[in-house]
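Here the chain labels run A, B, C and D in written order, and each chain numbers its own residues starting at 1.
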Amino acid sequence: MAPAEAVRPDKDMQQCIQACLECHRVCLETVTYCLRKGGKHAEASHIRLLMDCAEICQTSANFLLRGSELHTRTCFACAEVCQRCADSCAAMGEDSMMKACEDMCRRCEESCRKMDGGLMPQVPNPEAAQRAADLPA
Amino acid sequence: MAPAEAVRPDKDMQQCIQACLECHRVCLETVTYCLRKGGKHAEASHIRLLMDCAEICQTSANFLLRGSELHTRTCFACAEVCQRCADSCAAMGEDSMMKACEDMCRRCEESCRKMDGGLMPQVPNPEAAQRAADLPA
Amino acid sequence: MAPAEAVRPDKDMQQCIQACLECHRVCLETVTYCLRKGGKHAEASHIRLLMDCAEICQTSANFLLRGSELHTRTCFACAEVCQRCADSCAAMGEDSMMKACEDMCRRCEESCRKMDGGLMPQVPNPEAAQRAADLPA
Amino acid sequence: MAPAEAVRPDKDMQQCIQACLECHRVCLETVTYCLRKGGKHAEASHIRLLMDCAEICQTSANFLLRGSELHTRTCFACAEVCQRCADSCAAMGEDSMMKACEDMCRRCEESCRKMDGGLMPQVPNPEAAQRAADLPA
């Protein structure tokens, strides 16, 4: 198959598109919920992660919908952001909306990890990777 | 500094925001140019890369503008897409518009590589990395 | 109800969100199809309309998902772009992919017209409106 | 000139692209500022307007950059959202960041009004128009 010829999305890809689109939607709706609720739900870092997650899910879905080869890179970024967003939702404690958002993010992360083309199948230097992961903005 | 506290963008970050915004713009304008020109310029794989590049540049700029910690992941994806887009423009041969787009993509790639938090400082297994890079969509 | 209090999306709104998301998806997939097919399918004006339609559908869906009051304006723009995109697909002649895209655009247009808040319920001066609609870019 | 032939952006169009891109940037940065500041600055309706404004500015810029005929519709939507966002910023009282965002939104509104192709040059029924403008989401 020539690189130029993107194929019809296969089953994993279709599931990933669906997961990204649903996660985008849930995150956007959760932003509104959190801003209304206020308090820790409306903290800048949490709202920002939800906005990040909604946006990268959209971008990731668009790469998949275009049949772009480089969806491996956007899926990788998407998985990483989904993971952090899920953790941030989990940290909010008992709250059915946050639980639903966390679950969606975890499903989307899992789906994106399958699509990242083995981009980071194993970490050669876990400590360095962890330091990179913990880098502040 | 708490992870939640995104800082004012520093100089490298400001340059990266600017590069992403400019690259987004150039890629979008180049899509129109290539579609009009037709022939190999309008091949699906080339147009798709330009659309990919425009979109990930926009997303990458937005993560940086929000001061998101996870800009490291979007900058990594952006650098990768810019690199491929530059190569695709270079392959079009003598054409000042394509040369300008290639140059912009290379500048944006370089700027994004500086911001990717050492996500992939060295490739442990170049062959595996190459296979991943060559994965068809 | 205070303007600030966006409500849970009602049935029309839910349908409109769904229509916009589906139309976004179909348009993006159709871009790839048209670029591969080449010829008049790949003409700049047609590809541009598909890209326009995909993007405004996304934006319109996002306004609705955020419960934004000003979704009336984005729905109006979306309806207008969908209408033109449907016409452009119809002009391609017999082609099941183009027919599917046309149908989706017409459904999305109809759904968005219901949500535009009576923004343009009747045209006071049809000729002026037509001239505005025919304005070149 | 055939409608299909988008022209090189003229001076007004170039200014409008620039205004949209700058307004997008300022609104995104202001979201972060407001979320950190908390209180009325972080109210859902205000944050939502800033997010709306950032997104429609981006979409409007993209239509202009693609040379799309239907930029008249996205510029109209953009002008409307900018106007509301400026008002919302003004309502925050003395605050240099909000003042800067208000000014940028007013400049972008003015620039977009010039580009809306006389879409709504005069309101045939101001009361109906006002009711439409006041429609809750």
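Keep in mind that, in the parts below, contacts are C-beta pairs under 8 Å (C-beta built on N, C-alpha and C of every residue); 3 or more make two chains touch, one makes a residue touch a chain.
Predicted model only: the values in this text are computed from it and were never measured.
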Select, from A-B and A-C, the pair of chains that is joined by more C-beta pairs in contact. A-B
Copies chain A, chain D: same or different interface, half of numbers shared as the threshold? same
Could you put a whole-Å number on the gap between the CA centroids of chain A and chain C? 27
Separation of chain A from chain B, taking each centre as the mean of its C-alpha atoms, in whole Å: 19
Shared interface positions of chain D, touching two or more other chains: 6, 31-32, 43-44, 48, 51, 62, 66-67
Write out the stretch or stretches of chain D touching chain A in their complex. 31-32, 35-36, 38, 42-44, 47-48, 51
With touch defined as at the start, can you tell me which chain C residues reach chain D in the complex? 1, 3-7, 43-45, 48-49, 51-52, 55-56, 59, 62-63, 66-74, 76-77, 80-81, 84, 117-121, 124, 128, 131-132, 134-137
Residue positions on chain A within touch of chain C in the complex are 5-6, 17, 21, 25, 28-29, 31-32, 58, 62, 65-67
